[in-house]
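There are two complexes below, and they share chain A, which is joined by chain B in the first and by chain C in the second.
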Partner chain A sequence: MTRYILIKILRSFLTLWIVVTAVFFVLRASGDPIYSVFSLGTPEATLDVFRVKWGIDKSMIEQYFIYVSDIFKGDFGTSFFDGRQAWDIVMERVPKTLLLGGVTFSISVVIGVVLGAIAALKHGTFWDRGIMTAAVAAFSMPSYFLALLLILLFSLQLRWLPTAGASTWQHIILPATTLGLTLAGSIARFTRSAMLEVLRQSYMRTARAKGASRFRQIAWHALPNAAIPTVTVIGFQLGWLIGGSVVIETVFSWPGAGRLFITAVGVRDFAVVQLFILMVASTVITANLLVDILYGYLDPRISVTGDSK
Partner chain B sequence: MKRASKETGSTNPTTPRGRLPIRRRSLVKRLGLTGEWLVTAAMIYIAFILFVSVFGFLFQPYPHTQTNLFNQLQPPAFMQGGSWEHILGTDDLGRDVLSRLIKGLQLSVLIGVIGTAIGAVLGSFLGIVAAHFRGWVEEILMMLVDVQVSLPFIIFALAVLAFVGNSLTILIIVVGIDGWERYARLSRSMVLSANQQDYVLAVRSLGLSNTKIYSRHVLPNIMGTLIVQMTINLPGVILLESTLSFLGLGVQPPLTSLGQILGVGRDYLILAPWIAVAPGLVIFFLTLSIAIVGDWLRDRLDPTLK
Partner chain C sequence: MSGEAKHTTPAPGATEAEPLFQVRDLSVVFDTPDGTVQVVDSVNLKVSAGRTLGLVGESGSGKSVTCLAALGLLASRGRVTGGKVMFNGRDLLKIDDAEMSKLRGCEVAMVFQDPMVSLNPVRTIGWQISESIFLHQGLSRDAAAKRTIELLDMVGIPNSKSRVLEYPHQFSGGMSQRAMIAMAIACQPKLLIADEPTTALDVTIQAQILELLSDLKKELNMALILITHDLGVIAEAADDVAVMYAGRVVEEAQVLDLFDAPLHHYTLGLLNSLPRVDRKIDRLSAIEGAAPPPQEFVTGCRFEPRCGHCNASCTGTRPEFTDISATHRVACKHPMSVSS
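== the complex of A and B ==
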């Protein structure tokens, strides 16, 4: 088991290194970064001063080694635009993204688990089919279109909720609901199939036989067992959630890291884009690693040597 | 098959002069769609969308780039102030929304289908290569799968399109890369198990070349599962393109796609909600229909994929 985990961790670092390297070279292959700031007619002498200042006068390989060794020193480069550390620029946006992600997650887990459980308990009925169709619909809905529909209804027609910014607590409702509903669709599907699996088990019959109430059967015996596969699957959805929040933060002008990324990409701010991708990749890789390890612990029947997916 | 023979058996004796009865079963029955009205509706919608994206130019009322600054933001025919001149109204430059919708749909469907095909071919090929060579080739390819999974694809796509530049070709390639890892995993594990099966051992002992074994014998056997996977991936590819175009980094004017029209409509949500709502509904029902049909196909053809 320890050996298995060690190999997994090593592989994760290798994966991260490949992502960082690939992104570095793909972004640099787009041409001289100096022209993302200066226009074409700028005198060469001026450009050379800035090339030396930003360290982009050296060869690409040299730049790469400097970049990687700087990462180990905790230096992620400076923004070409305001000269501040990329780390500071990204980190001041992260709390807002975490807040949005947290609220989204809570909304989607509550809605998804409740609806998924109902669908499983009413298996094969009108409720089951209705909930599952709604779940597929939620998953097929372009998130930005759902965002526009909610804005149309709640902000422009009813005038209940604000559409842009993050100054009051009401501001989080629309973006979190948009993302949460989309995510709830897939959580409901996984909860349903996990519950159907659990309801078939003999311990559920035992619970019924010993006279446990219907509520106790479900809340005590069924849900905790169905939670194991559901939680792991939710862990794998994290990457999807981050990708979705980039879009939704832009639509609602939510001042988080995702919107910063879109702005930085637009002006080709290398350091900020690279750091953001590095952070997203390490978050997703860590989450997948934890899910992998947790899975082995929670359910020892799964062989740890086989393929995990 | 079984049901078909039973039916002809029961009706045969009643027909005169020994002619085979041509009692066609309805398409709904033959496809096993009885009672599946949702799947039937989804299929009809997909067929309609395909028809419009191929032949839509015949019905397109105006060129999609034709502007008319005297007729901006005119509401659709069924809203107050609308007219039948522009059934779905006009946009900020007085362009006919219906014409743009038809044109945009064409490109969205084209990118979605080609993109899905690229991902499927690339991924399946790499999966077969991994399963054939095993060893370090497999290690490297599976490593690349891990890399792909670790970065939400839309983030990678946005960065590439913004930095490397944007053209229709680059966009299709980027969108096509999305999802290759799913085919790679799937085809790798299926080829691994196929290589243990008797039919592959048999053709191998007959001395067939590897290319022939994989293209003539293994691929046809795993094709069904791959096609189901393509149906499941297609909505994701369409959504990816529309999201990129919505954010302004996908399809560029004068070309247009559904996502791009929505992106314009976002700025006129108060004055002219129809610009955004019309393409949004078209995309939504398209991805929903494909998802419903994909689920249905999977349950019917390949219960192992769940």
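== the complex of A and C ==
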């Protein structure tokens, strides 16, 4: 098991390196940041001063090595705009994003797993069809579209909830619902199919033959088995959640890192964009690593195959 | 449902007035997309404490379904459409779910065919066995753990103290089946139903498991129903035998009578397809044709399409049971002793 995890961690660093490199070169290929800051008539001499100051006067390869070695020193570069450390700028926004992501994620997991389990247990009935229709509708609708629908209904028509900002707790309801509905929909679908698979296994009949109550059969025998495939899928959804939150933060003017990212991309603020992507990649990789570890914990068959030889 | 119910003669295998477990005229249908099919048709079975009833027949003859239906363990597409299941004076088909749960795993237990898939892969063996104890006997955690180890010793699992912490995938097929048996006998049931308990196991392990079952039967004075398609298993372990074909019981006898003087042509066919060491047979004879699926069950004698001894009287009406002796009866219009 430890060896297995070690290999996974090494592989994670390789992935991170590839991401960092790709983003670095793609960003620079996208255009010169000088022109997104200064107007066309600015004298070349002024521009050159700033090129030297920002370090983009050197060759791309040189810039790359400086960038990568700085990362190891904990220096993620400076924003072209306010001259502050990219790290400080991004970290300022991260708590709000974590709040939105955390609330969304926990609520969707609970709702998704419960609804998915109900659909499986009521397989083929009105409940099953109703839940699954809602789930498919929720996750096939583009999140910005769902966001607009919710704003129209709850903010413009009913005037219950605010549409933008993050000053009160009510502000989180609409963005979290928008993101959460989509996530809960896909979690419900995966939970349902995992549960259906588990429910027809022979060991479920053994549990019944043992005299376990219906609740006990489900909670103690079925769910731990259904959790194995479901956890994997939920882990992968985390990457999707971050992507979705970039859009949703913008729609609802939520002051999180996602919105910062959109602005930074627009003006080619290299350091901020690079750091944001590096963080997203690390989060996704960490989530996958956690899924792997959790997987071994949930499924005794896995931890042993890793251990035995 | 036809004539079987009218019988009043003492049933084969009954050693006392009221057998512990008695299935009377049980019928089961399955709902399929193409309509309902009857898979069990007025089946009667009985078994008393301390005896083993062997229920033999081909796959799809309704042996397992009969027993699953009796314990209320049918999958949701199966339904009981008639009959009684008397256990200790109570009709199991009439009691509610909660009471049935109290009975299952406690007074009536079941062991299934494939132990490797009948154990929950994410729970330890010890957890699964002590669950039975916890559910029905309300012992403390420590006492249940102690009892679990005792049970593993009882079914012959070595190193029981460390093995309770292992998971099913760390157990071999034979050891898994022993663990299943330990789980089933955890509360000292009065009736144990073993559904093809040895089919998925190696031949050498089969004999050990059968011996274990019959030892436990004696020790706990249980009634044992042994479902199998293997007459070898019947010969080894059963006291009484009921032969099932296409959803009906066709012959009932004590085990020696059945092997000595089979009456139903199907029973004879089964016996002839078995290799014997005590007789020289040039080649084994197989029964022509295949057992029909429930959709193709005929109204008369269901073996008629494959039987070499049938005539016009075999079609149309269900053959009733003829009592040959107090313990031997057959549902055939031309049983062996008469027609051959």
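One rule holds for everything that comes next: the second predicted complex is superposed on the first by the 289 of 309 C-alpha atoms of A that agree within 3 Å, B and C clash if a C-alpha of one lies under 4 Å from a C-alpha of the other, contacts with A are read in each partner's own complex, and residues count from 1 in each chain.
Just so it is clear, a contact is a pair of C-beta atoms (placed from the backbone, for glycine too) under 8 Å apart; a residue touches a chain by one contact, two chains touch by 3 or more.
The shown structure was predicted, so the numbers you read here are calculated from the model rather than taken from an experiment.
Chemist: Putting chain B and chain C onto chain A via the overlay, clash or fit?
Modeler: fit
Chemist: Is A:T250 touching anything from chain B or chain C once the two structures are fitted on A? First, second, both or neither.
Modeler: In the superposed model, A:T250 contacts chain B only, not chain C.
Chemist: Scan A:N225 for contacts with chain B and chain C and give back first, second, both or neither.
Modeler: Second partner only.
Chemist: For A:G266, select first, second, both or neither according to whether it touches chain B, chain C, the two together, or no partner.
Modeler: In the superposition, A:G266 touches chain B alone.
Chemist: First (chain B), second (chain C), both or neither: which does A:T133 touch?
Modeler: A:T133: touches chain B, not chain C.
Chemist: Just chain B (first), just chain C (second), both, or neither: which does A:Y203 touch?
Modeler: The answer is second: A:Y203 touches chain C but not chain B.
Chemist: Angle at chain A between chain B and chain C: what is it in degrees to the nearest 10, using CA centres?
Modeler: 80
Chemist: If you stack the two complexes on chain A, which partner ends up touching A:S106: first (chain B), second (chain C), both, or neither?
Modeler: So A:S106 meets neither chain B nor chain C here.
Chemist: In the superposed model, which partner reaches more residues of chain A, chain B or chain C?
Modeler: Comparing chain B with chain C, the partner touching more chain A residues is B.
Chemist: So, does A:G211 touch the first partner chain B, the second partner chain C, both, or neither?
Modeler: Touch partner of A:G211: chain C, not chain B.
Chemist: Between chain B and chain C, what is the shortest CA distance in the superposition, whole Å?
Modeler: Distance of closest C-alpha approach: 13 Å.
Chemist: Take the contacts of chain A with chain B and those with chain C, and give the residues found in both.
Modeler: Dual-contact residues (chain A): none.
Chemist: Give the list of chain A residues in touch with chain C in this complex.
Modeler: 200-203, 205-214, 216, 220-221, 224-225, 228, 298-301, 304
Chemist: Could you pull out which chain C residues touch chain A in their complex?
Modeler: That would be residues 71, 73, 75, 97-98, 101-106, 109-110, 112, 114, 117-123, 131-132, 135-136, 167, 169-170, 180, 183 of chain C.
Chemist: Could you pull out which chain B residues touch chain A in their complex?
Modeler: Those residues of chain B that touch chain A are 38, 143-144, 146-147, 149-156, 158-160, 162-165, 185, 189, 235, 239, 242-243, 246-247, 249, 259, 262, 265-266, 269-270, 273, 276-277, 280, 283-284, 287-288, 290-292, 295, 306.
Chemist: Chain B touches which residues of chain A in the complex?
Modeler: Spelled out, the residues of chain A in touch with chain B are 11, 14-16, 18-19, 22-23, 26-27, 29-30, 133, 136-137, 139-145, 148-149, 151-152, 156, 193, 239-240, 242-243, 246-247, 250-251, 261-262, 265-266, 268, 273, 276-277, 280-281, 284-285, 288, 307, 309.
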